[in-house]
Amino acid sequence: MPAPAPNLYPPFNIIRLGHVVFSVTDLAASRAFYVDTLGLQVTHEDDETICLRAMEERGHHSIMLRRGERAAAQSLSFKLFSEDDLDKARAFFDEKGLPAECVERPFQGRTLATRDPHGIPLEFYFHMDRLPHIHQQYALYHGARPLRIDHFNCFSSNVDASVAFYNEIGFRVTEYTEDEETGRLWAAWIHRKGGVHDMAFTNGMGPRLHHAAFWVANPLNIIDLLDLMSTTGYLGNIERGPGRHGISNAFFLYVRDPDGHRIELYCSDYQTVDPDHEPIRWDLKDPQRQTLWGAPAPRSWFEEGTLFTDVETAEPDLKAQPIVAP
Amino acid sequence: MPAPAPNLYPPFNIIRLGHVVFSVTDLAASRAFYVDTLGLQVTHEDDETICLRAMEERGHHSIMLRRGERAAAQSLSFKLFSEDDLDKARAFFDEKGLPAECVERPFQGRTLATRDPHGIPLEFYFHMDRLPHIHQQYALYHGARPLRIDHFNCFSSNVDASVAFYNEIGFRVTEYTEDEETGRLWAAWIHRKGGVHDMAFTNGMGPRLHHAAFWVANPLNIIDLLDLMSTTGYLGNIERGPGRHGISNAFFLYVRDPDGHRIELYCSDYQTVDPDHEPIRWDLKDPQRQTLWGAPAPRSWFEEGTLFTDVETAEPDLKAQPIVAP
Amino acid sequence: MPAPAPNLYPPFNIIRLGHVVFSVTDLAASRAFYVDTLGLQVTHEDDETICLRAMEERGHHSIMLRRGERAAAQSLSFKLFSEDDLDKARAFFDEKGLPAECVERPFQGRTLATRDPHGIPLEFYFHMDRLPHIHQQYALYHGARPLRIDHFNCFSSNVDASVAFYNEIGFRVTEYTEDEETGRLWAAWIHRKGGVHDMAFTNGMGPRLHHAAFWVANPLNIIDLLDLMSTTGYLGNIERGPGRHGISNAFFLYVRDPDGHRIELYCSDYQTVDPDHEPIRWDLKDPQRQTLWGAPAPRSWFEEGTLFTDVETAEPDLKAQPIVAP
Amino acid sequence: MPAPAPNLYPPFNIIRLGHVVFSVTDLAASRAFYVDTLGLQVTHEDDETICLRAMEERGHHSIMLRRGERAAAQSLSFKLFSEDDLDKARAFFDEKGLPAECVERPFQGRTLATRDPHGIPLEFYFHMDRLPHIHQQYALYHGARPLRIDHFNCFSSNVDASVAFYNEIGFRVTEYTEDEETGRLWAAWIHRKGGVHDMAFTNGMGPRLHHAAFWVANPLNIIDLLDLMSTTGYLGNIERGPGRHGISNAFFLYVRDPDGHRIELYCSDYQTVDPDHEPIRWDLKDPQRQTLWGAPAPRSWFEEGTLFTDVETAEPDLKAQPIVAP
């Protein structure tokens, strides 16, 4: 089994994924997509930046949109348990020889900006401004009624290496796809917060962000979003779904924002808090892996992703191919 | 069995219920309720009148709100198959000695204004202005996402007599409540359009309008409305539900508008188009009659209703009592 | 506009579609599919025949399965308003020179067996045995929880001609697809009972039965069926969906029975009882026609269908092609 | 604010609630309720004992039913992070002077049996037998389709004291009800696993178990259970709901098993993993506290509960009263 045993006593304590910073080329177009269509709430807005949160989130934002020349993901952020963990994280990355520096970020406390071994720009923080709860202000709910950020998914040019690194810092594998021929990992889902994942890796030209996902209450929220997007000019932004994943057992939809950043709407995975939770293995050639109901994902889903700002990508050496829709 | 056999060849052909005209004391407050909260669409609006339709309706309106001194129901309207049926209806009501005259109504063709034997102001029309369909303009959907008007329910001081009259003009009984002691009808559900009812009668001081109902797609639309009303100042307007009716098997919620007019949100009853469809009998003392899950309705639900403009009411002679919540 | 005006005074009164008789090659396999998986209820069963009804149906059956050498549809049945209508129907088909004879059918009264001009074997009956209602026996609900038969859809080698014939006997067009180049009908949805259709025709080698459809309460029943079929050996029987149709606005799934007969699970279309209900036109090249969300149907969906017993088929002369999934 | 600050570095690490052991007087009747009706899966069964798990659970059981002379709760069990935590827990309870001993329990590793200061029999274990996952065996899903155990709720004669104790062992308060007059806690919801609660306390004659709750995917699963129980002889076992809690924002239903043990079906609360997650305060007199939609709970809900085996109860000194249904 190529999935590593969990590291139950990691060097620092990551609570959960926090937020993603996207460069977008047209803030107004992005606002129409994320706010008017998906249903995220604006928590800050100026000429350069829009901050967004989902309905049950109390942290200031889970997506930050920044006006940019070209579409990109600037960083993926994770929330730490305490300030002490920030220092421990700094020491860990320093020791690894990975670039790490403390940076100022609006709406949050001391923040560590660093990189994973493939170059993914990671940021760690222990404090973000807390906002009043709005989860019972039902007049604000609309669109897909997104409740909280759920996970990131990244292309990796070496999934085994990516999983080994994140495993070292405490992420635990819940499900994984193995290439039967080589015995190597083709994809893996890894978590900190007790769901199927905070982060996932898929074999491909990397590092790139494959998607960020938001949790919704049930499949009808996703059907509502499909109806809305289909009749408000976003038909071409619907990429894959709806369906149920074999992996994670979640109900899903993938859509693309005006810059092509991929967003998943996601619900109904399962609880994984037990330290002895057993990962589930899937064969790359299992047609129910991607979608329990059998429909393969389109080629764009396997090939397209968001570049990280100023990060070079590499082709994977594992050449095994998934089942792709014709 | 006190439910009469259907009159399959009635004197004129009623297609379905059409609309109700409500007097309301504060148009702005009513607009906030019906449009912003329930989710009906405005099709006409002036200083005196607001016309509303639900999402799949193509007729101009299913509710007309008119500014008035006091809350009342001005009329219940029904759509006829053809203009010929309007003349036949006129002849029928004339022969019965019931007041009947042709009147002008905005947005519709020739209209017959008449009364049922208990004085309920009925109007019949064969043409109402047709509007472009909006059922696939999903950006307009909000609130409870009402799809179409479903039925009226009236208090009657003599349900046997009410049912006999409406049976004569072609309404067919689908379910009814019998008072076991007297063998008399305590309530009845009667239809023209092929669902459980276009009209129902309940024993009580009558005639009064008990409620008008709108069809929604599924129970989650009703739960969404409850969440919305509970957090936007309408907590006191929630009267009964949610629940599943024993009678009709429909999922329901009853709410009150700012003037106290009762509106039901309703879904999941069944098809009754067969001429040999058998009515279902319920005993007044069956605790599952009102709500399949056992919860009795509150006293207000049995006692309060909307007066018809300038119509005197009478107490019922049938004194049998339903199960009322303590 | 190629959709004919409705014939509001047809020669005889058809209430609704009634049932389909399928030849199946393995009764036990069909039972596992229709009963254990879809959730239909057995109302009669012997060595040659299984009769099935959905949860709210009170007629004896809406599907009859008969053991046969090869898969086929033996007939499509429709319920008439009265016995008088049976005689009128007989006269109508005789006058048209179409084969028509009275036949004995189990569980129903006098029955007229005839053919439409393309050879589709039609049967008309006014009485079928009525069974006790089971719609509130919730312990019986399982699978997709089918509530009632909703419609048939047939391939026709000449949709204009098919629609003209059924229009003459009172079916009304609710939506239709036009081939822009020729101005001819490529498909049409026609009804008697007040929904979007009791019958539909699609351009193709015909006559063949494309599918029979069952109404369910909401999309989650369809998602439940997908989950069930995906994990009980029926993965390959899932053909298309889930999705929302552009035409009809209904949420749908198409599955194939063990003999390849296609069944649709269907919900959320709209009411069409008004005699002045306006049909909706769609262009054959509109990508949202098939699926509002844009996904095209697979080739099998356009090409495969069930032969009617002993009926020859013809290729359509209209060669216009829909959008087909690659 | 009477809710204590969280103890982020507790003496031992509790992962989540684990299971409850119920004494039941008729194993067959309990089986019909928990298995055939609620939809739990049997993982062990003999003449004295039935073990049950929900659909996504991999631990051997979340409810154990044991044949007994009288209905009671024998213990509430919690899963620890590691065996080391078991030793730390032993030391903690010893130091507190609370009875603590290591016991043998079937299907699990070393187990600590102890008591909280009010006498609630608690058990802690770090290992329970792991079973193959069944969450994608959809043919097994039925009833309410319960996914996992979610929380326990207990009556306490002194909620302030209960919360102080559980806070010391790491439970964090997410929501609480304050009696405005005295400033004391009337109820509190406390968690370990990252949802609104693993445990809650309500002011009342205690200690007694108020209920154990199971998570379901969405409100329609709860509506399905209501329909099923209403028509299979369990009408009288429906106690309260359905509704949405003000506290927790969850959709709920309370039912009673054949011995009166109360079970909640529960969904749609929110994530609370942040160490700086702020508790929400509710006033005891807020009518939306119990049910966001305003309906008060019945008297039985406030007064009836399950005794713990051989544990004496005491009346609370806080006499403040909630709003009770008339």
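Should a chain be cited, it is by its letter among A, B, C and D, assigned in written order, with residues numbered from 1 in that chain.
To be clear about the criterion, a residue touches a chain if its C-beta (ideal position, glycine included) is under 8 Å from a C-beta of that chain, and two chains touch if they have at least 3 such contacts.
Given the structure is predicted, the values throughout are model-derived calculations rather than measurements.
Chemist: Comparing the two chain pairs, does A-C have more C-beta contacts than A-B, or is it the other way round?
Modeler: It is A-C, judged by the count of C-beta pairs in contact.
Chemist: By mean C-alpha coordinates, which chain is most distant from subunit D?
Modeler: C
Chemist: I'd like to verify one number: the distance from the centre of subunit A to the centre of subunit C, where each centre is the average of its C-alpha atoms, in whole angstrom.
Modeler: Between these chains, centre-to-centre, one finds 44 Å.
Chemist: Provide the C-alpha centroid distance between subunit B and subunit C, rounded to the nearest whole angstrom.
Modeler: 32
Chemist: Can you work out the whole-Å distance between the CA centroids of subunit A and subunit B?
Modeler: About 49 Å, centre to centre.
Chemist: Which subunit D residues sit where two or more other chains touch them?
Modeler: Residues 136, 218, 220, 227, 230-231, 292.
Chemist: Which stretch or stretches of subunit C touch subunit D in the complex?
Modeler: 136-139, 141-142, 218, 220, 224, 227-228, 230-232
Chemist: Residue numbers of subunit A touching subunit D in their complex, please.
Modeler: The touching residues are 8, 15-16, 56, 58-59, 79, 81-82, 127, 130, 133, 135-136, 147-148, 193-194, 217-218, 246, 249, 268, 270-271, 273-278, 280, 292.
Chemist: Could you list, by residue number, the parts of subunit A that touch subunit C in their complex?
Modeler: That would be residues 218-220, 223, 226-227, 229-231, 235-236, 238, 242, 244, 251, 287-288, 292-294, 325-326 of subunit A.
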